[in-house]
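For reference, the structure discussed in these notes is given below.
Should a chain be cited, it is by its letter among A, B, C and D, assigned in written order, with residues numbered from 1 in that chain.
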């Protein structure tokens, strides 16, 4: 008898959503994409052509989709504003959940998802941070774990997007939670990975500026920001996020320990080709994060599927997703208010929230 | 109605054969692996666990497998010595064929396969040279095609394996055709890709030595060899193949044109990690060719499938596979005899075969 | 008639002082080292062997040395604590001055040197920041100047030393001014170079920790620190300094503009050699800053000499040396007090000094 | 008393000659440039401005120059055709000799120089191969010497010049000895360095083509050539030389041993800067060999001076310079005749010279 496959539905078929759907359709051998939902007529049209012929039932109503018979799980790739609600509803329908990051830009809402998940420990609920599934980050982490760099002490990490002059990111800033929540949240998650998920911030500073997208001022956001999180116990993470890169996506991390260092993607490249010409030697850079992390998303789909089918632990804890957003929000607060934030050793904030 | 999928069978489940089988099972959305054959009881046992549960019918008789109802195609990953016979039988059973390289180490046998294929132009018959399906080679080729390097004039290419002290390659040398046929054939195929498949050799030189595998002398083979092929029209390719690398697989190509150059994999790496330590900065290298070319094999499976289902041209011509082996065999002859080989402008050999 | 050479004296023959002396002796064709001073008997002994035979008069009294007949200039490479006094005395003796950085760890003392220099505009007085004389920084600056990266917006720069377990840096911390004044001052100077010497800080944050040199706590210093300086007008510089590197010196700078970026020394290397071995591919890193910047010091000596002999402008302004120390001291204050520092648009500090 | 300095004269003030003169004038502390000769009025004019004021006596007659009182040595940087004659005359005048490579393009003439030198063992006579004095080659050699790569087995080395469309190299080919003698001689010398100066060729193959300089046909030369030298004892060197590079000078060497490999300058760069822009990430390449090897020439001058003054062994043997030219000439013969060359184990040629 053929092994049972995870029956999964995809919610949202936009930029990232349709990639999740295709990954579960084509590149996750132990899963079967059986349903997909989108409120968007254009996306639905796309699904008619690319999903329906493969036996995927289409919906324009999320609630109806998650009620489909035999469904085991849902992957949520809709707009951030509905992530939490959809995740909670799915759990209430007894479905495993793989949710695009972030659960929400609101910490309180994030926590509701975590609370709901705690009530249903038999369900696998994961908020996907793609870098955790990337070969290179895995390799670096394994080296750190083996003690090759001593005690990880300083983490530098940046998320830098290619400049998009279309104005998309100005509109996006209205509800993205700000650059630290939207972009650096990945770098913060890596900090939890390398420093441990129980580290406690001691103080937080952040600075930013608008260089290429003047419209961001309207949303109190910036297109370049630098932040520092100092942790109790003598560890520091510092972040740079930017939407101004001329050359492409440049997501770099360095973890510096007392006895060595690992760097990840210090020299970004879109292939193993160098082109030699009158002006020198040039290599190209992936224009977008999916060019850098495509295989990480595929692995994410597969590992989530394994955990659901085999009832094994997920590769990352849901709590971290909240912690990462929380630290991101503090950085954003420090950025917007121009004030440092301090915490006591128990993690208690020492001054009133500036905002 | 679900789109029709290519019904494919896998012949051979050894080192490379089982990877082809799994790629068609799991990573080729438009194909369905429906049958598999191996004469090896251990491989059959593996298949019982990994293939049979997914609806793959198993055979220990090739002829029976290719007679299975509804079959469209076969992927051949058996020992080189039976490639040609199996390919011909498959064609005679009206099946498309994807055959691991080489078709044969004998030019005459290679030609028989080509002859058979010519008789059945409706069948897709491809001998897979993985590098043709690699992103980086594709990128380099696109740049050359656009004229970015002027006229391609010099091609340097090497196939260098990590040293395997097990003695495997000594045994293997008995029937591999020699290092130029077994290893450099990839580099020769790239030469046909970048210089054009109609180029004609003018003269060929080759030299080799045994450095780490003394047993190779028994089979008149070497573990390090360098060869040059000069072509009519003023183009030169030179090759290095070795089984002596301490650090891992190092397959490098440079194409030097009158106005620029492209290099592929000049700095091999197994991930984007650098490790900084007392001795400096270290990056690791894939230990085997599959670590370098895994995704190329996946793309090969998919593009072969597309060509079969859509009746579109294959991405590479079968003739080239013969040409590559032929040039490899001449290099091997030049190596073994210590004599240069010359050709006239029509491609006619100017001296008697030395062997 | 032989062209006149700059008659120069060297003050201090310690780690850096003796290198300046040798550079003026051997690698500055238009200068002649005619005198050297050190209060240290061991250094004097060294000078007897290496300088005296070449016609260099030795002194153990600075005042006597600068009174030597015919002297044009002095290069000061003594301990930081006497830099300023010696520089002022030299000017009062009508000598050009090349002073090792910093002029002083005290801003007030720095300013006295600048005041003295302003009184004597015919004298060339330079505080050497070696990176300004480095080929690669010059190249990067030329590219920025040409507009290749648009408007420089973000500057990331780090000064990272190889870990020295001897305890030297613990003692040194007693009078170094702290890591931001001692180490990051180079990165701050580069900021003035790339952003312009008239930029005004808006706010400053800094965080640090002690990871490998517990004794530093005694001197309120750290061995790893990260700081951010936000400038009025929408530019940000951020710095990392560390004395913990396992692999060697790693001084890296990136200047990110609205239309491109330049990086300098992102991949440090002590030579053009890569070593391939069982563990991968390794390149070594210079163990000390002199391994990275030796030729910059030689160029510094030559360009200083040219400016003195030809009465042409110095390649860097003395004011910058004070500005760099000032910003370094603010970063150090922010680090030690755990408080952010703010300035109005005229550069006026908005809160009382925390210290 | 001031230490005695080597009194040296410079013969030839052309492209390379004037650099030698300046290096001995300014960057060789233990030497003093006291005389210079050139038959060229323009070069003499240059010398009036740049050398004479520093006490250098100028000559337009070589014989008169080497008769100058008190002279110890001469550095020969004239045209290749007079190297040997000038070297012999200098020795006959009891002068040490540093001669630009090659001694001659004729083996017989080379040997006369060696014979003359053997008669006067108290003289230091060196034919400079710059790469022997380069930091990176020294570093690689030290690693090989330590056994880090096992037994050096394969050497790949290339000398590739930036394309010069001026026609200079066409004229130059009339008397250069051909590309293997003019360019690859450096790579051959490195072979003697890494494999040992007593290795014996077993067989030699070479192929070439004209891609960008059609005029070379006139001189039976090419602008791209590849050659292989197989040595008795199981070692192989292979070379590529070209005058067609679009991007700049690219001199690369790899030495592959039974247990590891060293590469030198695999990724050429003119500085430590990377420039990030819309098209990717670009680094520049030195346009000429002097941009790559400037400091090697300085070290050469200094080490030659040391050997003369201290009567210590020279860093390289004169014999090697002849051996390198000899092998270069065989490669050139193999190239021009299209025939392989073979030698017995005693180094005796097995067929008549083809030319």
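Everything below uses one rule, namely that a residue touches a chain if its C-beta (ideal position, glycine included) is under 8 Å from a C-beta of that chain, and two chains touch if they have at least 3 such contacts.
The shown structure was predicted, so the numbers you read here are calculated from the model rather than taken from an experiment.
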Which pair wins on C-beta contacts, C-D or A-D? C-D
Looking at C-alpha means, what's the farthest chain from chain D? A
Given the pairs B-C, C-D or A-C, which one repeats the contacts seen at A-B for over half of the pairs? C-D
I'd like the Å distance between the centres of chain C and chain D, where a centre is the mean of that chain's Cα atoms. 39
For chain A and chain D, what's the span in angstrom between their mean Cα positions? 57
At least two other chains touched by the same residue of chain C: list those residues. 149, 245-247, 259-261, 266-267, 275-278, 284
Across the complex, what residues on chain D touch chain C? 1-3, 25-27, 29, 53-55, 135-136, 139-140, 143, 148-149, 259-267, 270-278, 284
Please output the residues of chain D touching chain B within their complex, sorted ascending. 149-151, 153-154, 156, 203, 205-212, 224, 226, 228, 230, 234-236, 238, 240, 242, 244-247, 256, 258-261, 266-267, 338-340, 342
As the complex stands, chain C meets chain B at residues 245-248, 267-268, 275-285
